[in-house]
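If you scroll down you'll find the structure; I have some questions about it.
Letters A, B, C and D mark the chains as written, and numbering starts fresh at 1 in each.
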Amino acid sequence: MTKIIVLNLTSDPPLLSVMRAAVSKVCEIAGFDALDTSKIILAIDEACSNIIRHAYKGKGGQSIRITCKIKPTKLEFILEDEGEPADVKKIKSRPLDEIRPGGLGVYIITSVMDKVIYADGMEAGNRLVMQKSIPKDKK
Amino acid sequence: MTKIIVLNLTSDPPLLSVMRAAVSKVCEIAGFDALDTSKIILAIDEACSNIIRHAYKGKGGQSIRITCKIKPTKLEFILEDEGEPADVKKIKSRPLDEIRPGGLGVYIITSVMDKVIYADGMEAGNRLVMQKSIPKDKK
Amino acid sequence: MSLKISNTVKGKTAVLRIAGEVDMFSSPQARNAIMELVKQRVPKVIVDLGEVSYMDSSGVATLIEGLQLCHKYNGNLVVAGLRDNVREVFELTRLDKIFQIFQDVETAKANG
Amino acid sequence: MSLKISNTVKGKTAVLRIAGEVDMFSSPQARNAIMELVKQRVPKVIVDLGEVSYMDSSGVATLIEGLQLCHKYNGNLVVAGLRDNVREVFELTRLDKIFQIFQDVETAKANG
């Protein structure tokens, strides 16, 4: 049976710590070990930071909705915002060997998660679906 | 400015740990110390357990919505479920000197929180509002 | 999350070690472990809560039940190693007056 | 939550201790502290991450910026005491090849 947890935050950076604490427990319940859990937390944090920075251009008080679905074989996160729809073609990481501050968030997200889908052609807002398979040897 | 965090769980006991982790960070952001934070977590946990046990009679997969409002002077929690509306007169703790297992949840909730209001006469579902003042000497 | 539970019975004393968060989900697990010792009529049950990071009223209810069953056969159930937040639950519900609470398992063994 | 930051400058070496979760909210605080040392052209900056329980790409970006500014005046910035999850961020982004990473501050002082 799928367990669903929805977290609705406003686009205020201090609240990201609430998201991380909740996602940490979600990963533990799903059966991920400490290292995978820390990587998943990082990926969701990068995605939320990008929503605040790019979709909302730093404006606070706007909605970020994080849906966590714990399924038997995978963990799925759906991030929804009401910011300006992104040009999905432009969401990409810098080449890793071009060392400069910034430009690592999307790389982290795609490295950590098994599947990353930015919804294209949204009329309003954005929707990002991320999936990660749950290791079979989970206790 | 009020910061709002909404957490929507299903009525499955393993998910209470996600709620506790999130509420812990909410309390920290509001400025409560470790002891007050642990008491507030306990109170919200007892209220959620009561929803699962009494409003949903142990049935899983039902909605529990926890709204946390961090205001400048107080922290407010609103718990909403879609279970059978309670007879609010019957929501009360046992006398503390009558030692027996159970019957302590409501006592804990009312001891910890400054204000506890169970909405009466709901057509459907239940709504519980709890408030706790934020200590003035917060850092 | 599930609790980690283990116990050692030596002479008249059993030490029951519980680790994890004791809540509505996990307390039945703690209850089973206590019931097993009570069935054997162990004279003194020391519940080591040193690794319990959280306990709610369902955990406390489990301990009250164990205590009352122990008393029926003139046994006793005591708790040891409580962290501050767990001790707070006992104080809040005035159960610090019902339970013997010890600093750690060694002190619990030496006393009562 | 805010970071706890302190530093000790001794001779050519500064040790910058950061404690807390370094994320989008708090990394500007870390950046200010690093910029202060860079402005003084401290030859060797050791960033002690032993008490950093979390770091995201904004924290890493701050360190890259510090490293590049240090290099401009022939100084260096190294990191020490990384916990597993923080080290993972460096590995994931291949920055373990750019930064000198030391077990602890003492080793960082002795080397490089």
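Criterion: a contact is a pair of C-beta atoms (placed from the backbone, for glycine too) under 8 Å apart; a residue touches a chain by one contact, two chains touch by 3 or more.
Because the structure is predicted, anything quoted here is derived from the model rather than measured.
Colleague: Can you name the chains that touch subunit A as well as subunit C?
Modeller: B
Colleague: Quick one: how many steps at least from subunit A to subunit D, stepping chain to touching chain?
Modeller: 1
Colleague: Using mean CA coordinates as chain centres, what's the gap between subunit B and subunit C in Å?
Modeller: 26
Colleague: Please compute the C-alpha centroid of subunit A, do the same for subunit B, then give the distance between them in whole Å.
Modeller: Spacing between the chain centres: roughly 28 Å.
Colleague: Could you tell me the distance, in whole angstrom, between the mean C-alpha positions of subunit C and subunit D?
Modeller: Those two chain centres are 45 Å apart.
Colleague: Just the number, please: Cα centre separation of subunit B and subunit D in whole Å.
Modeller: 41
Colleague: Multi-chain contacts in subunit D: which residues touch at least two other chains?
Modeller: Each of 1 in subunit D touches at least two other chains.
Colleague: For subunit B, what residues touch not just one other chain but two or more?
Modeller: Residue numbers touching two or more other chains: 14, 17, 20, 28-29.
Colleague: Considering only the defined contacts, which subunit C positions touch subunit B in the complex?
Modeller: Of all residues in subunit C, those touching subunit B are 1, 21, 23-25, 54, 56-58, 60-62, 64-65, 68, 84-85, 88-89, 92-94, 98.
Colleague: For the complex, give me every residue of subunit A touching subunit D.
Modeller: Checking each residue of subunit A against subunit D gives 13-14, 16-17, 20, 34-35, 38-39, 41-42, 45-46, 49, 52-53, 96, 99-102, 104-105, 107-108, 111-112.
Colleague: Which bits of subunit B are touching subunit A when the two form their complex?
Modeller: The touching residues are 1, 3-10, 12, 14-15, 17-18, 20-22, 24-26, 28-29, 60-61.
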